[in-house]
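Below, chain A partners chain B and then partners chain C, in two separate complexes.
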Partner chain A sequence: MPVFRLCMKIIRKNLSSMMIYIAVFLILATLLSLNGTKTQETGFSQVKTNIAFFSEENSPLIDGFRSELSKTANFVEVPDETEKLQDALYFRSVTYIIRIPKGFTQSFMSGKNVQIEKTVVPNSTSNAYVDLTVNQYFNTAALYVKTVPGITQENLVQHLKTDLENSTSVAMAADTKANANQDFSVYYFNYLSYALSSVLVLGISAIMLVFNDKNLSRRNFCSPLSAGKINAQFILANLVFTFVCWAVMVGFCFLFDYRNMMIGNTAYLILNSFVFTLSMSSISFLIGNLMKERSAISAVCNVVTLGPCFISGVFVPQELLSPTVLKIASFTPTYWYVKTNNQIASLSSFSLSALSPIYCNMIIEAGFAVAFFAVSMVVGKKKRMSN
Partner chain B sequence: MFLHIFKARLKCLIRDRQMMFWTLLFPLILATFFNMALGNLNNTEAFHPIDIAVADNAQYRENQQFRSVLKEVSEGDDRIFNLTETDPQNAEKLLADGKIKAYVTVNSKVGMTVRESGLSQNIVRAFLNSYSQTSSAVTSIVRENPASLRNGLIKEVSDRKEYTKEVSGSSAEPNNVLNYFYSLIAMSCLYGGFWGLKEVADVQADLSTRAARVNVAPVHKLKVFLYNMCAAILLHFSEMLVLLAYLYFGLKIDFGLKTALVLLTTFAGSILGVSLGAFVSALVKKGEGVKVAVLLAVTMTGSFLAGMMVQEIKYAVAQNAPILSYLNPVNLLTDAFYSLYYYDVMTRYGWNMAMIGAYALLFCTGTYFIIRRQKYASL
Partner chain C sequence: MIIKVNNLVKRYGDLVALDHLSLEVKEGEVFGLLGPNGSGKTTAINCILSLLKYDKGEIEIFGRPMAPDAYDIKRDIGIIMQNVAVFDELTVYENIDYFCGLYVPDKGERKKLVESAIDFVGLNDFRKFYPKKLSGGLLRRLNIACGIAHRPKLIILDEPTVAVDPQSRNKILEGIERLNREGATVVYTSHYMEEVEQICTRIMILDKGRMIADGTKEELKAMITLGEKITVETFSFSKENLADLKKLPNIVSAEYRDHLLVVKSGKGQNNLETVLDFLKKNGVTFGKIYSELPTLNDVFLEITGKQLRD
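Right after this comes the complex of A and B.
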């Protein structure tokens, strides 16, 4: 199979540039897996926001406030310097900085109108959350101060402690079930789309460039091998390359996340990634057909792979993207691939009704594969005719 | 003479389509992608009224007090909730369909039902808590001081005050999307290294045929190199200006008020990038592929550590290995833009610029000492 062998030779020559993508991908996957998997809680859990707390005075009232606040917030140690605090706020290491001014307790206990200073990420949700806690504490305290004359701080704090222990019971709706933690697998498979498409575009277009060279293709047609055989070997080589890339990438997942490999969700993730691989390889086929210069490969590869990954939720999760961007993204198979991965991760039963949207998305991905393949056939034919 | 070489070189550079792509188009494309991917990030962080429902039953209707409190926080522009009053079955359905985050039930006690725990659900809970906590406080006050009921306790309950006062940390908002764009500019500055790479390759006679021809010409080699570098820096700075204009006018990226200094930083970045490329090209005595790989490795590692892919990395590096953040040229540039935007004092900006200057000087003198006085016995 001389044609097949030639294709493999071309792949080997271009292996180094492809290995970069695989290596970066593996490094990131390792970092992700080191990050550890969080155990998912089944019940309602209290969310805590990170805050920095500075007090210019000490009093039982402030101590009580601090311990009350610790129910809704984690205190993060930040040095009390303007730049350090600004940095912490900018990078969301804390989202709320509280500063209690000197003389606050005394003024408060004598019923004066006082305020504590906060520096926040403006209009943020976590800001609203901490505000509720702060205001609740001091409003309740003010109630005592105004209506129980001569109440001591210690007494007040004691009362507040009992009052603020009252909490609302939260029920979880019946149909929510805890499912196995899929965070790592979803990250892995989502990010896989970037590495895999880069490798496929680089590899397949490298092969196509050689075969589409005018002189080379003319020479090939003179050979005693029939055109059908040449094409068959050529297609076989591309398919083998595609399959090997996919198998290697998915194979690493077994290494990183062997514990989760045996559950049904992972099987569907793998199936989904295979369908996606097919669509990416047919896109690569089209790109290879359109490409004229070798020097353009890495440019085209970067734009074609980075673009969909940015707008389809590979680098930034889909729920953080704006609806308009997602609309645009839905014209790429990457969008459907990522969407399906996210859906698969939240599957808790494998009934037909739960699976049907997933199969639907996979059919869309396969549709992309067929469409791009058809277009590249037309383009290829046109090119040959004009030769 | 200068003008002649300079002009010819400029033309030669502009005609290099591949380089023009990487140094001009690629940053523009990447900026567009960044904008699409990150445009909504601040919006998701912002507080929006939370959609909740309340199961409308007899007990809820009887509890006038709770009802009015709930209604009060669901009205006006600064409302916390978008409230729907509906029958229990419908509330359940709304929750299942994801139309609301939680629904409130009033039986002997006030309770709530959710599907998942999150910040919004916790806010609903904190609000409901405050209701029961205040009731508890009222009960214990009445127990302690029954006279208070006559002395306006109920009035005091409804008189809730705001106990926090916002103090701005700086003149600029902590809009944390910006760092991605600043690091993108920094990366593009270092992509100027491709031009620097080309300049050395085109003047070292053992690296290209063009350089061999230039070496034969009766012009001092260093002069040619200097003029060529001027052309490269001018071209790259113009490309960066296009990028800045696109970011500022097209994508509405905020750079703060110190426009002149932003331009100066970009110019320094161009010089840093081009000289880095020249230095790498002179230092690495291997083929072009290796040189490009070294340059890309430096730029990409630098960009990663400066937070271009995940911005928290920049903060983590500054926290845990501050020296690294002062040695990383991409971070220096990113941080210079960041300081200009965010800080009111200029100390950190000054340090960044000093380091950038030092790097540029190091690269320039390094290149000079490597390529000077090289003669070739045969080519």
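Right after this comes the complex of A and C.
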């Protein structure tokens, strides 16, 4: 099989440039795996919010409130001056300022409509917990004031303390339970798309460029080896190269994350990466057929691989990308690959209904492979005819 | 008959590249296709090898019709293209091994053939070199080794000495003669008439896709009226002298330019003596005088009215 052997030699000759991508990828994977050894949070633990608390009066109700608030907030001492308070909010030393106005307790105990002054950092999620505590405390208190006429502040605080200590047991539903730490695998397989596509584009287009050389293709045509045999050996060589690249890169994942390799999610990640590999090898075929200069390979490789990775969520999560960007990205297989990886990571049951969107995405990826392969065949034939 | 081409016509749009070309190459010949650039030599070779579709005509090689899928025929053909066709990614040895491997699947046999080809073209010291490290001449030799390593019965060389230094050119020409002595039939295209004269046993001259002459070099030279070209270096030769010289018997033409008198005479003996007598009789002093037999360029010039290298 002279053509097959030749393809392998061409790949060996270009191995150094491919190894750069693999090496960078492996270094990142190693760093990731080292960072990923901490145990994952399996339950919920609340983080306390830093708040500043100012009360212009003292009463058992306010003391009780302060005590209840201390369960969800840290009290930070800030001078009660407008500028200092603004600085504290700006530098995030506090994210919430509560001010109890004078006469608040009396108005509240007499059932009047009262308000607490609050100043917050906009869009701070932790403030929601403080709001929740404030509302819970005073709504419950208002209920007692309304239903138990003449209740003393001390009794009210006692009742509130007992009531608010109650907690509800929550059982996590299967759909929301993370059954294993998939963070590393997902990141690994997402980033794999960049390294793998770069290596495939470099390798396959290098082979194509050699075989598309007019003089060499004419010289091959003069040989007694039929065009069919030459093409068969050529395609076989490219497929072997593609499979080896995929196997090596997936193999490293076994090395870094062997604990999670036997679970179903990882099997689907591997399957998805294989489908993606096929679509990228088709794209590489097309690039190889279109390219005329060896020096252009690296540049084209960067554009074709880096571009889709940026807009498809390989480097930046898809959730953070704008809908317009994602819409554009959906014309690349990388987008569907990353989307599928994310879906696979959140899988907890492997029922048909859970898997059907994943299979759909994989079919789209395979569609890209078929489409690009068909186009590259047409381009390749045109090129051969012109030779 | 090794190659038989009958009435071959190839058109590129309105341009007729080959105009009813017919040729025959017999076994053991070194057949030269000579013609200026654009005369149709490479087109003819490409059609013979089925690299190009042609509009009309028949081509037979080894007595069988040639076609793109005539793999049995291709097995016995060695082709050395005008443009060097080797892989930059492979060493000298690997390149020859690859091209030989297209014809010879057996590894052991191939090894011997590759070694022999390397010996043949004198690339022993460069076997581990990559093509980019080779000079133009060495690269041409590698190109030849790739074409002949499988010991073909028919070797087609399309201008193999273009842009090659004289030393490498001689080596290549010697190699072709050796291949022929070892039994290969050779088709050699070139626009260098000296090369064709040196190695070809039969020559066909092409111009504008048409055969204008065919035969051995002696036969071709016999086709023209020019028998001898005498060149005299002299500093004093008047117009009257020139007119008188032209009147002498068997003188075809005479020109005096840049202190050189060029006299072309017809076939026959004593032409040089006649010119010498004339010079002596008219008191013309001269430095050098030499006589040349007609070249293929003269043949081409007389038939087409233009130089071979125009």
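Convention: the second predicted complex is superposed on the first by the 248 of 387 C-alpha atoms of A that agree within 3 Å, B and C clash if a C-alpha of one lies under 4 Å from a C-alpha of the other, contacts with A are read in each partner's own complex, and residues count from 1 in each chain.
Here, a residue touches a chain if its C-beta (ideal position, glycine included) is under 8 Å from a C-beta of that chain, and two chains touch if they have at least 3 such contacts.
Just so it is clear, the model here is predicted, and its values are computed rather than measured.
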After lining up the shared chain so the two structures overlap, which partner does A:S353 touch, if you call chain B first and chain C second: first, second, both or neither?
neither
Which partner, chain B or chain C, touches the larger number of chain A residues?
B
In the overlay, answer first, second, both or neither for which of chain B and chain C A:N215 touches.
second
Identify the partner contact of A:K9: answer first if only chain B is touched, second if only chain C is, both if each is, neither if none is.
second
Tell me which partner A:S223 touches in the superposition: chain B (first), chain C (second), both or neither.
second
Thinking of the overlay built on chain A, is A:S110 touched by chain B (first), by chain C (second), by both, or by neither?
neither
Enumerate the residues of chain A that count as touching chain B in its complex and touching chain C in the other.
none
Note: in the complex, chain C contacts chain A through residues 49, 51, 68-69, 71-72, 74-75, 77, 79, 81, 83-90, 94, 98-99, 101-103, 146
With touch defined as at the start, can you tell me which chain A residues reach chain B in the complex?
41, 43-47, 49, 72, 82-83, 85-93, 97, 99, 113-129, 131-136, 138-140, 142-144, 146-149, 159-160, 162-164, 166-173, 175-176, 295-296, 299, 302-303, 306-307, 310-311, 315-316, 319-322, 325, 328
What residues on chain A touch chain C, complex-wise?
2, 5-6, 9-10, 13, 210, 213, 215-216, 218-226
For the chain B and chain A complex, residues of the former touching the latter:
18, 21-22, 26, 29-30, 33-34, 36-41, 43-48, 80, 92, 95-96, 109-123, 125-130, 132-138, 140-141, 144-145, 148, 151, 153, 156-157, 160-170, 173-174, 176, 179, 309, 311-312, 314-315, 318, 338, 342-343, 345, 348
